[in-house]
């Protein structure tokens, strides 16, 4: 157990290291660099000024040296300075994390709240009209582009209430903030809940085919007990995985949703930073996302160990 | 044509009054509706089970024996399966007429079941104790504490060492034999009237099989449970059962007390089956030298969706004549307490008149 | 633990002396000496080997042409691993395997190829042993193709012959495995094994998954083929009755070792090892008139990863004594070609 | 209540009429909420050349002089004192002396002196140690010899030769005075000025906040407590937000003509002013590489362009056709119709022009079946891409088959600087409606912003010539001559000048948008909220 | 006991079904949602193939007079700001979406299969290495990965396909690898080994064909998400550039500009994307159910 955890942990570090190389190389392949972009805002390029600026930012050094500089200073907790705002990268990123985290948490909450029970109902009522209805709903959740959905929501709000639910950094109290976040969270959580619902359904169906379900029925267990006690307990295991993965992957969905709802979170900031070729920010953000993803996966694995007795007692 | 119509002139065996039967199955038909057509998995099967009796149902895979067992508890997957007709009377109550809730009260309480694969048949995320306690909570109205205490007791009864410890363990922590014991503990926890054992030892090693069979027999004597033993192994039948039903292609082809059946099989299929298995015991008695061919049953088991018009066994039967191919034989008492469905059994093997 | 003592059967000498049947004059098709297969159990951070599964732990035997050796034992005793190690489907840890006197253990895959024609295998599961995406004819013809025998037409002709021999219709050559019944699939498997005209066939539980009525057909087919072609069989099975029926010699395995070896009559009439006795006694007899006292062993087969000390069987043995816990018994000849690995028998 | 409303209405009317007499009854307080369209690269006005920087940060600074924030038109006549209380030109017309206001303090409390002015211009000329990263308008001050001070309250600009419009450059919002004691780098992130508002907060993609400077040297100003600019990239979102009342004011000319209809419908009460942006779409033509090294091909292309179609499609006919200088009526230097019609491609008869163009192309061996393949490069932004799409459509008429080559924004200027294009669709914005700013910036040989490196000695001479002319009408003639030459050379053919609207709710008072520049009216001193 | 209508029950089970159309009809009845999906996908593909026959306008021709024209007889679905016919653009947009969807899925699956097969079949250091690389590729959400890729490669049709295919590779490789690991131990593979077949031949002859069912299931699932990713990338301005009529791009422009004046610019491309993805998802679900061996019996 302990060794397994340490092994998983080391693999995690290895993945992150690989990620750092990948992201670094990838950003250097990107045509154009921050210097070009900075000049763009001034509508001019002066080769001498450009060269000077590249030197100032250390972009003239060999790529390996740049990488080593970056990775060593990151180890020391120095994430560099944003080329654009000239503030420490951390100062730019950290204040944005809570915004995205709240949104993601809320979206995840919605998706679990709706996804799991509806998935179970859909499986238990397999091939009934309710099942078909829920499947169509969940499939549309996976089919609607979330930016489109968000836009329709915005339009509808302005049209019918004269009010627009976009982000404000000065909310009027907790409930107002919750409400402001709930709408984009619902837009992005729709997809996640559809995903979780589908997985719950197929996982349930899989479990309901198992021999031990027949055993439970042969014991005279009630339908509720068979479905929720026997089946769901086994079916949630893969669902836990997907919830974990979703937690990290929500960031993908948030990129477009944050754009539409104008939420200044990390997801949109990433797009912006890529556009600006603001390497320190992109690198730090991507590493942050990778860390979150990898750590969440690690935690899910650990949760599995806790939840599934089969793994717990192995070796 | 059908078994029932053939049955009508033949009275039910007079030896035992009907009311004495604990379980009475009449004309049970369970069909599956599939792309290949109607699969008549169980097609007009009747049998009766007396208290404390062990009835074995033997046959090869696909003969309908397992579906019969599942039909008794109404655990057939619907769709594609459907119980088309018949009655299953437990103490005179027709289970097929009961509501789902009433049926649920019977499962695990009056009739319980153990399965072939003890690994997959136990819920992997529940402790053994909980799985035993569950039936008690469901049917016996015990408190949780009582139920767990009884679970430990049950584990002791099925001879699992250190039951206090085992009760807290999960199925995968037990060996195959132990798991099957746990299954038996679950099945017998409510002291059911009928235990259906569906190939209970097939997945186990020979030495473990012996342990489990011993256990079943011992517990049956101790608790007075009637057992329906579903198996393909004639050896297991011979050593465990009192009465035997042989099934072929969804129908009963022969039924008799175990001694009678083994001594004088009346159906060519039963005979073929007995001749086709290599027998260890014969080695000890007489000297056997060189290579001796086993007696084969030629051909293959017919698909249940495309049965021949006459006797289902006719295409493989060395004795089949035109009538066999044309018409299904009546299920008749050939000898006292010995029924068979064969046109030619009397002339070939000696029936009532022989 | 494993003590390294040779616990196999010395080929030729003991066997040959014991039995003067004419087939023993031929060269042994297969000679296995002190075969071991230990699977490393890896664990922890650096995947350190923390132990071994002693799947096969020093097994020796000889099979001559036209002769069947039955290998019996319960699940996990290593009998299947023996078969797979001989075919080099798993790499043996140590020991010697000789095909018609030629050592094959050190050979490279390329060097091994000609020997592959000499021995083939039939698997237990007739469903998973045939590629579901190939036609029956292609499956049977594949060994010929691999060894570059004949052109397409010749191969097809040969496949047709094989089909006829194992009792399948030629028209079925283009059907796919799922269109066959279990017994027919097993016939396809046999035809494939016969395609290269091997001297030796290893049957890994070849009839266990079949229905009783079909089982007899396959057993008879195997026996006929042996008669016809002088095949040597290594017949691996847990079913004592089947093994008894088909074999000339029988080796009983328990936790990676052979505990008893004898010709079948000797073994079944006068078993010496307590495990053999228990095994024989546990087999249900399909005759209700025979009532016998069964020897029912207690407990389960121990894990091959942690085999009991001394005699592996001592934990379940009804006649075990202190000595058995410490000392591993040697497989010794007790006369008549019978070999037993027990201190007391 | 009603009375207050009436007063406010009357006042609005007064402001609307451009009356200067607004010094009574303004309400103080409140935060003006404006949406911003994107994140500005920095807060340093001297380093940027976009209204994205100008709008949020101009109110932090002061100039020596400024275009009147309460008058619509920028011209030499509307230049008013800012940090300088008065100015005078010596007889040689090369020494421009400013008297500075006393007692002005920087936002950090340090006093403002003439040294700060000197520092600022030395920095712009690249003479000081405090170096700008980028210096896009260095060319503006090519005629400035040096800046001298006389005591803390007097400063003199010494010019190489007379330049009548020099003061116009100083009056632009782009020419604020920076403090000596703050580094250029700090000015990008934590700007310090003397202006009516202090820098409070700048969070990329989120918000820019300014707060009132209570010690502002112009007494009684500003009226607002602060300005909050939330950044919303997505135009539909921000317009919806404005309509929902989340904002008091839109970003500068964010409402295009097609969008204006919708705005009028959805927010009938909003005040929307449609004005020229002084941003024109133009073509940059690579005259050094085939096929446009051939003047005939250039002429043919000039003949193919139907400017009216661009105006119709992109601005519903509201845009203006003209040369490099802002067209009439708002533009001070626009050509009258008869002058305009003299230029190639500007005559109304498109069919005839195109027939002529086709003939030229056919003479060069091209035909409908054998068209000249041309790549039209442009930035990957709608305002660039849309006209490019139309251009491709029009070029078909003269046997040119255009293919759009969309360049990612970051690569655009570098690509242009590399001359790695055949034809490019470009946008040019002009800060000061004066040839000395516009023509010099975009067509003078050494200008950083002369993307095509166009260098015509004749034009160079004419530019210098007009600069020294003080008579406006005389100067205009020279300017129009330059326009002619530029057009014939196809230096950077202007397609059309855009118009768009800025909207605000009626409670926003005291804001006057300039009609011939969008870069100079963001001081927000006089703006107040009536609510 | 309820009477049971044999005919109805058999019809439900699909007895007596034969031939391609019979099977198709039976499957359509058994999986009505899948049938709906198949119809949508078929329409989608036909639209892409016969775009020229379905439209009267060129999707890139601008026209001042029909700028922002309302849906009507002239322009079925209205026209965009530059007067380009929306119907034409949506019809031609199907080509882009299909090209990106199929292109990236095929590309991703191709490399995924090769990597998964090699990694699963040969194991050892190769497996360890590829597993780590796959870990890295999977450590970022699909859109983030595609975003970085798209930014690295620059906006173009081919680059978009490549960018979207990259995150598909690890998904496919994982599935193929685990399948290969299972298949590698199958007796029929051992049988091939026992006759001396070379390992790579076994991998391609016996292992690869048997991974096709899960691959098809996975590929259909990826198809929808690839289309959606393209739309998102284009929406963010990093996908397909103008003048290609990409649905996502159309949405981004119209969404940004004329939501309220000309809602059809937002509604129709959105519907087109949703419908195409919905169709492939429906079909994918049915394909999964049909190919799932447990469902086949």
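Letters A, B, C, D and E name the chains as they come in the text, with residue numbers starting at 1 for each one.
Going forward, a contact is a pair of C-beta atoms (placed from the backbone, for glycine too) under 8 Å apart; a residue touches a chain by one contact, two chains touch by 3 or more.
If you're wondering where the values come from, they're calculated on a predicted model, not measured in any experiment.
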item	value
Touching groups left behind when subunit D is ignored (all other chains fixed)	one piece
Chain labels contacting subunit B and also subunit E	A, C
Gap in Å, rounded to a whole number, between the CA centres of subunit C and subunit B	33
Cα-centroid distance, subunit A relative to subunit D, in whole angstrom	41
Subunit A and subunit E: spacing of chain centres that average the CA atoms, whole Å	22
Centre-to-centre distance between subunit D and subunit C (centres being mean Cα positions), rounded to whole Å	91
Subunit A: positions in contact with at least two other chains	31, 151, 155, 259, 275
For subunit D, residues contacting two or more additional chains	234, 236, 240, 408
For subunit E, residues that touch 2 or more chains besides their own	154, 255, 259-260
Residue ranges of subunit A in contact with subunit B within the complex	210-212, 214-223, 225, 230, 233-234, 237, 307-310, 313
Residue ranges of subunit A in contact with subunit D within the complex	31-33, 36-47, 49, 52-53, 56, 84-87, 92, 95, 151, 154-155, 157-158, 162-164, 166, 169, 259-262, 264, 268-269, 272, 275-277
Touch list for subunit E against partner subunit A, complex	32-33, 132-133, 135-136, 138-144, 147-149, 151-152, 154, 224-225, 228, 231-232, 235-236, 248, 251, 255, 259-260, 263, 266, 270, 273-275, 277-278, 281-282, 285, 294
Complex contact set, residues of subunit E against subunit C	186-188, 190-198, 201, 206, 209-210
Contact set on subunit C toward subunit B in their complex	74-75, 181, 183-184, 211-217, 219-220, 223, 227, 238, 240-242, 244-246, 264-265, 268-269, 278-290, 294, 296-298, 300-301
